[in-house]
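Please find the structures below.
Both complexes below contain chain A, partnered by chain B and then by chain C.
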Partner chain A sequence: MAGTIDSGAPVPAGLPGRAEFRQLGYGVALVALVACLPLLPFANSYLIGIVVRALIFIALGQAWNVIAGIGGQLSLGHGVFFGLGAYGTGLLFNDFGITPWVGAWLAAALAGAVAVVIGAITFRLRGIYFALATVVISLAFEKLARFYFALTGGDTGLAVNFRGTAPAVMQWREPEAFLWISLAVVLAFYAVTRWLLRGNFGLALQAVRDDEEAATSAGVNVYRTKLLALLLSAAMTALAGTLHLQFYLSIDPGTAFGLSQAIQIQLPALIGGLGTAGGPIIGGAIMILLSEGTNVASSRLGLDGVDVLAYGIVLLLIVLKAPVGILGYIKSKRLQRSGRAAPAGGGD
Partner chain B sequence: MLQALLSGILVGGVYGLFSMGFSIAFGVMRIVNFAHGELVMIGMFAAFFAYSAAGVDPLVAIPLAFVVVAALSAVLYLLVYRRFVGRATLQQLLAAIAVALILQTSATLIFGPSAHAVRSNWGSQYLLIGPIFLSYAQLAAFAISVACVLTVEAVLRKTSWGKAIRAVADDPEAAQLVGLNSQVINITAFACSGALAGIAGAVLVSYYPVSPHVGFLLMPIALIATVLGGLGSIGGAFVGGIICGVIQQMTSVLWTSALQDVPLYGVLLLLLAFRPYGLFGRVSAH
Partner chain C sequence: MARNPAVLEVTSVHRKFGGLQALSDVSFAVEQQEVVGLIGPNGAGKSTLFEVISGNIPPSSGAIAFHGDDVTRMAAFRRRRSGLCRTFQKIRLFGALTVAQNVAVAAQQCVVDGNWRDEVASALAKLRLTAQADRYPSEITLPDRKKVEIARAIVGRCRVLMLDECLSGLTRDEADEVVQEILGLNRQGLTIIVVEHVMPVVMAMAQRLVVLQHGCVIADGPPKEVAANPVVIEAYLGARHRPAP
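Here is the complex of A and B:
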């Protein structure tokens, strides 16, 4: 997998270990495999569509991981930014003819601005109180989106004016292009996450996560650091929202701002490993496998919604049994096995 | 206006009832039970089931909802919440969210996603007092809620179990020192928290249709009522619930019923923003 066992500890520059090279090799191989998927003989639109879904899920998880994993602020309101990205792009295109290639950035800027306002109110709170405040904000957005149907299309939602295959407005009949775009987004988000784990801003953010008082006394402006991280996370979430909209060509208040959406955004990072670069990638892949598997099972049984049940069970098991996620779990097992010997694979 | 105030108080009585349950779980164990709305929903379904299977009136089915939801809460406590007692942590919140998802989707799988309503012959009738009309179902719901709340208050004040609960809610550290923080207290308190949700569910279903998604509408109300009422006083949540009901009804009259919850969310945010640390009574926001 592209995921590295990344503790966030800075590794001396210029001295990548053997394990690092091996992980890089796996990562490049995986990216190449996904990028060349359409060329494979067994590939079809259905399979590619599943991979696109997985990549969008991963991108959302990566975006949430910035504020929740690296910044330690458990936002339950990321549906707001996701919805702003999707609705923003869609409305700009439908009503003003602005191509999503531009609209995505405008919507991301809007989400960032809203994030600063939300952060300014909620970052006076810590921990669970912050989380609960973000819950009601996303609930309020859902209610408002349902009510102002002249703008949002109300309960039925917004459908993008479809023009067939039109690259100028980010529309294709076949999913290949979305595969490459979302792969590029996931790679870019991965780079952002790596930069946050190693760079100055990210280190300040991690200091805030670990101990706000200590970070303050070390000269970190806690409030500003959290605000900037939320802004970044919100803009990334909005970009993933644009991808979602262009791929599905519609968005509705429940999908955008609903509580279950906000919960699903958290799952890739929580399952894979909170605050790691590889966690959301592994977690997102597992979630899609889970969702496809349960969907096949549920369509046989004629039931609907089994995937959400499976998410709930997995989330509960992760929280109770492996609060550090799969990557953290592997890392701790590895450290146990290697005992006192120097840990392999870039642990701290 | 007076109409809205009165219906708000009537609706708020039921909110107050399940909010008290939420408040007990938070007060005694520092558990923010995100799945509390789902417990109400299961109480609603239990009463609805009794109605659709045997034609029993929801209000007669209160004992059934009481037992079912109290038992379920005890099981949930032993399986999940037991590990998080005393610490309102993010892990605990995530576990409760998972429980909420599991209960909600299970209900969807069993009962289907659509809403079900009880049609009793008296529930749809109204009492007219001059220009004011009040639904009998809501009047009955309010009366039962008040009776339950008074009972709970009496139990909390008079029995040794209730005194232990109040002591723990008041000052967990001191209660721990005198050996009050026992598993038995916790599990019975959590079952009691669920029982109140169950009763509220049975009462609510007599005039409000039940669907698996109703929990996500009710949980924020319990949270807001608890914050409004202030912690440490479990009865405060009941008053908070009534305030929530009045705000909702006033919004319906002055603005639109589709957005009746939005001012509630605003109230919670304002409270959180301006009383960031002293919010839940003496509990610090760490």
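Here is the complex of A and C:
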């Protein structure tokens, strides 16, 4: 990405302009393909379901990318916000009849409030306190969800009262509507990420990520910037949690608050390109493709369990070959070809 | 001759780290458009004093006034926004942002009146960095990186610029180039405090020298006077700088 400031300087060759226009073209074509998937002759509920899973996965990665990739604050417990989104929406619907269209925003506000409390305590401290706090709080929420059986359904989890196809309460028997909703969410999150990478707040956030003391010396209120980014990231994660709940119609403590979920949330951005707008999309899509591909292949070959191993090996190879993520790798190669040094990170 | 009003006043500042007294009863004032050199041997407390003045480290006791306002308890980012600006001993640019974006981060926070984009363009032009605007820090030379730090520090409402060893690592020609830029900023009205080890340069640049040793001010005056001070010669400058009998 070239500078966003109109400095009057010549635009370096091979960066924005035509290349960016071409990227936009690819993006529009991809969105159109996904949106029209149900109309294609080979599409079925299984295939559409996979794409919905991928989109929800991507949305979670995009949400985590805001605080970790752009803000540089490593959250190891984003499952908290995912769980609050899913449980919050489900409980509001089951117990109070509040439609998930509204419940999603209330749950996102709750997740944002919890994020502010976590951030307010830990962001004043330097070091790994925030990362540790997110893990501990995540584990605490998992225990609470298991313990308060009457409210959360305990170990069994929470099942949404299903009313069949009822758009007013975000329920459908077929997955097509979820495809379009999830796609809209991914596009909205992409727009948020682009805004963060190019807007005033995003520049300050990236400065904080690169060097907190230098950001302070540039007049940035580091504490407030991190807090706002966490709030935004948590609210986005909770919205993705709502989507997950409405699609699967159930949630349990392990899926919501467990550490494996927290790690899964991190992978799309880490694989695709941390701190980039397109990274979580590419990373999430590759991971779902890999997961499904290895699963189908191992079933056909009668090698149950090999899929997980193959999935892990391929992910490991990607990380080894492209430690800055796939987009970061492509960007550094492109800059090398044009005789330029790769920046420290981030970008579109 | 009437003295200019002090823009920065450091009064009886002490700073202790555990058992180490890093700063002890440090007092001095800086006048409008002055260039003050802060010198002293390694470990004298110069960088600590910079950190205390810029607000990154609170003093154990004492007071700091900026344009007459007590800023001792003011957060560092607010001091920057009010015009107390600094660079770092080791260059600390935002690696993922372009040169223009590095400057823009500060402009967005600190430009009160006017368009921050214009201010960025102006700061880049002042430091002759316009051609580098869309490059990343990893793509530009060391002197240019130093100048980007200065541009980031002066953009917006800069009233006092504190430069921490901004010439280290530069060749003589490169250092001369940066010094000229700094003096140009001073001629435009900027007050400058400079920590520097390259004595001939600091002697030529500064109108006044404040000498620190073991966290205490041991001399404060015009460069020639300070250079002739036997205490300073003994503590820091060495016999090479002893005036001929």
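Following the convention adopted for this analysis, the second predicted complex is superposed on the first by the 293 of 348 C-alpha atoms of A that agree within 3 Å, B and C clash if a C-alpha of one lies under 4 Å from a C-alpha of the other, contacts with A are read in each partner's own complex, and residues count from 1 in each chain.
Methods note: contacts are C-beta pairs under 8 Å (C-beta built on N, C-alpha and C of every residue); 3 or more make two chains touch, one makes a residue touch a chain.
Nothing here was measured: the structure is a model prediction, and the numbers come from that model.
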{"item": "Chain B versus chain C as contact partner of A:L259, first or second or both or neither", "value": "first"}
{"item": "Which superposed partner A:L125 touches (first chain B, second chain C, both, neither)", "value": "first"}
{"item": "First, second, both or neither for A:E213, with chain B first and chain C second", "value": "second"}
{"item": "First, second, both or neither for A:L315, with chain B first and chain C second", "value": "first"}
{"item": "A:P323 touches, of chain B and chain C: first, second, both or neither?", "value": "first"}
{"item": "Touching partner for A:Q336 - first (chain B), second (chain C), both, neither", "value": "neither"}
{"item": "Chain B versus chain C as contact partner of A:F147, first or second or both or neither", "value": "first"}
{"item": "Which of chain B and chain C A:G305 touches, first, second, both or neither", "value": "first"}
{"item": "Set of chain A residues, in rising order, touched by both chain B and chain C", "value": "none"}
{"item": "Chain A to chain C touching residues, read off their complex", "value": "2-12, 15, 200, 203-204, 206-207, 209-211, 213-222, 275, 340-347"}
{"item": "Interfacial residue positions of chain A with respect to chain B in the complex", "value": "74, 76, 121-122, 124-129, 131-133, 135-137, 139-140, 143-144, 146-147, 259-260, 263, 266, 270, 303-306, 308-309, 311-313, 315-316, 319-320, 323"}
{"item": "Residue numbers on chain B that touch chain A, as the complex places them", "value": "32, 80, 83, 88-95, 97-102, 104-106, 108-109, 113, 216, 220, 223-224, 256, 258-259, 261-262, 265-266, 268-269, 272-273, 276, 279, 285-286"}
{"item": "Interfacial residue positions of chain C with respect to chain A in the complex", "value": "54, 56, 75-77, 80-81, 85-88, 92-106, 108-110, 117, 120-121, 124, 130-139, 152-153, 156"}
